[in-house]
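So that you can tell them apart, the chains are marked A, B, C and D in the order they are listed, and the count of residues begins at 1 in each.
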């Protein structure tokens, strides 16, 4: 029996009166103190209710398994809830896939080392060798899986195996420049976060900075999103932009973009790690 | 008995387990559906709990008076709550005090007319005549109360009388260039919103744009805050900034500042009108 | 002979050494003091040079006509320049076309009255009657030109006639909800500014806020651009964004968008009025 | 004789007609092509003119020494200019002083390694040992100069000696938590850049995040400035802010602040390295 548990309950269910009362009453009865709560309802026509509750179970005579079993029986079942609870005693395990650009990987490793990103990083996978030393300097295993048209399917299977063996909870594509096949994406639904180097849906696909330059936009951006089988079309987690002008050529946009990519990806990963995100259809609720 | 009530409950009380459960259970029992809920706890040492709940009371066999009486007895009393409920059927009444600058007044009136600011505006008070026509064009009574050192106390009393007779719920100082005396401020605690034309606490007092220019800052700002008897020291509601450079002289800063003032004041007034703000000591919780 | 002339010279020419020297030497010889200068060169491969010089001609024994004639002969001709000079003694005349939404029109009229927008506004044209009173309250003639599929060509010709008779230098589409035909656009190349209610190229076309909501973006934007015959594809002048979340429904996006539209359109119009923009291909240089 | 020189000329002189013409004509005669030019004049009363010109001297039969000598004789002397030219063939040498926080140092080293910060870093000086390994991992000498009240004067002299022996062109205080004495500052006027962890002039001095928390501000900031003997009062180079709320405690502000500090310090250092800054009195012109 854990003696000091902080849990984060995420709920999605049909909207009706009494949900907050039911959940909070249940947690109170279990001896849990609600530390933070957020809720959201979609428009009455759709009528879907979302909630995140962070609670603290102090010296309670109840295990997390018992709590979950009772919650399903007494609250979640009757209210037709889609739900799960993550506990902070389970430190999430994050796999990273990367190609040649180091800035996103570096930002993640740095924040991990400084304690800002409370995860374990069991492995980094890359289709290039360039970032091996950087990764290993942080004491993290680096796996080189070169991809060609001929080997792609095989290497993806190997990546799946590595990620699963490492018991990674989710995977971050930190500028991984290969399109993942449905065979890969389907194994990890809602568990792959990508950083796209444009303000989606503008400039989806390849070469967004070049296309932004050609179009003459006055802001460039970056988008963190969950990966689905529709390229660059998955649920958006976070976005940001920076101001540019005629003075910036493509290489300037790339350099400015690096800073935005780092920040947006970091914010998205932190939100995921703190269980702040509910995916609903092709959109996210980020509490 | 009202048949369709939306209420906003604001709570401040000592933190302890069971508050959310108690409140939400009570509302559920009353037939109220919780539309939105936010909560915040200060650090464990201070241990203060804040909550805002927006709820809808549909066809309930209970009046707002009954609901409040029962809430005090069953929940608020036992939990030592400082609380109140505002109802959307009571449209807040906003007094405005202004001097010669028109931009903040104009922004408020415009948003009021467009429906973005759901208030009634029973009167505008000014120590100058310049903005009479603008105000009256919107069909709002304009009161000219010129202030001199000799008449200040008397004119403030007249302003108090006008505001009270108009049954104004709160007063906005939309660039009112007189310092209000404790005799005035004391009558309306937590009910006067001021827009200060700097990023407080930088450049408190007079001439902030000139002082910002002299100091050579690279950002200028504006601050909306509740008025207390400590000049420019009251609880801050909202702030924002704009980038400036050596190219901007004082008059440019004034012009740029107008836009920030308009936006920050609007956001603060909307938050106040939607009962999103709890004042705690000299700080605000803005849900 | 004008005794006090401020001019703004805009230049586009093949890049080569000596351009700044040649132009500044010429202006100096004419008795002109350079108040501000900006320049830009495209990449060496394209090799195009752009410059804006603001100068002051004080008590000079030379008229603007003489200055321009000599400039063409001595500098612009030999250097193959595309150039023109605008003078501040010629206050630009701005036509406005609008439909039912008032916020962009209101912002322009307000800044015009406050002196922030140094233009004359000889007329407002609308395909609806709604904004007549607002416009006429500012003392500006309002022309109602209702458009149907059958009358569109005819009404556009009437609009052209009205704009030309009013000697308008440029036209602002302040949320004018009709697509202008090539017959109209071709008469005013580089002289029509539109505000599009999205962060182009995302969500071009109709209903951008609805599409932004559906896609679940975390930022919405607005774009001011010159109108060409490619819908929403003309040279971008300015853009900006605001942060949104799952809490904002389509009507919230529309409301937030109004503020961005107002700001972006204002900045674009001011840049145009101050002769800060050079159109080059489908892009702008904004000095 | 260098065969391919890019120079950056910075000028400050009394404003009068003919400066741009004189300088650009001189450069043209020397065979220099002007790549970029910016200018600024203070208000007519003060009448000071500032200019930055970036030029390229291609295969010219003139050395930089000859060019400077002639410039002084023909242009700068007659026009009473305060000026200097930096050349890109002289890569600036940057000393860094740091205490225990690693984020600003890390950002500088990272951008240096990625090539975004075109400097040499001959040494890092610290009053603590913590960041030795981080620094030496980048191959940069680390000097530990512990400071006590008794040893401060002596250690400062040693730091001066190290910086001078390393031929550092400027010094960055990347969260160096000691106040430098006039004896130190006086040796390097306009050559020390500090990052202060607040939006100056708000929260000057120690513990700005704690003071920001206590005051309840809704934005926190960071300020990069040149160091003078007036603590936190030197000429500001750049500033930025981030939005905070009641949810952020002091440690959250510190974490958020780290990101702003990194960005603001980087921008300031890049501007300094690219010779974009002129210090004028207690303000900066940043071209």
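Operating definition for what follows: a residue touches a chain if its C-beta (ideal position, glycine included) is under 8 Å from a C-beta of that chain, and two chains touch if they have at least 3 such contacts.
These numbers come from a predicted model, not from an experiment.
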Treat touching chains as neighbours: how many steps, at the fewest, connect chain B to chain C?
1
Does A-D or C-D have more contacting C-beta pairs?
C-D
Rounded to the nearest whole Å, what is the centre-to-centre distance of chain B and chain D, using the mean of the C-alpha atoms as each centre?
42
Between chain C and chain D, what's the gap in Å when you average each chain's C-alpha atoms?
37
Based on the touch definition given at the start, go ahead and assign the chain network to line, ring, star, complete or other.
complete
Which of the residues in chain D come into contact with chain C in the complex?
16-22, 24-25, 27-28, 31-39, 41
Touching residues (chain side chain D, partner chain A) in the complex:
102-103, 106, 110, 114, 116, 137, 255, 259, 263
Once bound in the complex, which stretches of chain A touch chain C?
40, 43, 199-203, 215-219, 221, 235-241, 245-247, 249, 282-286
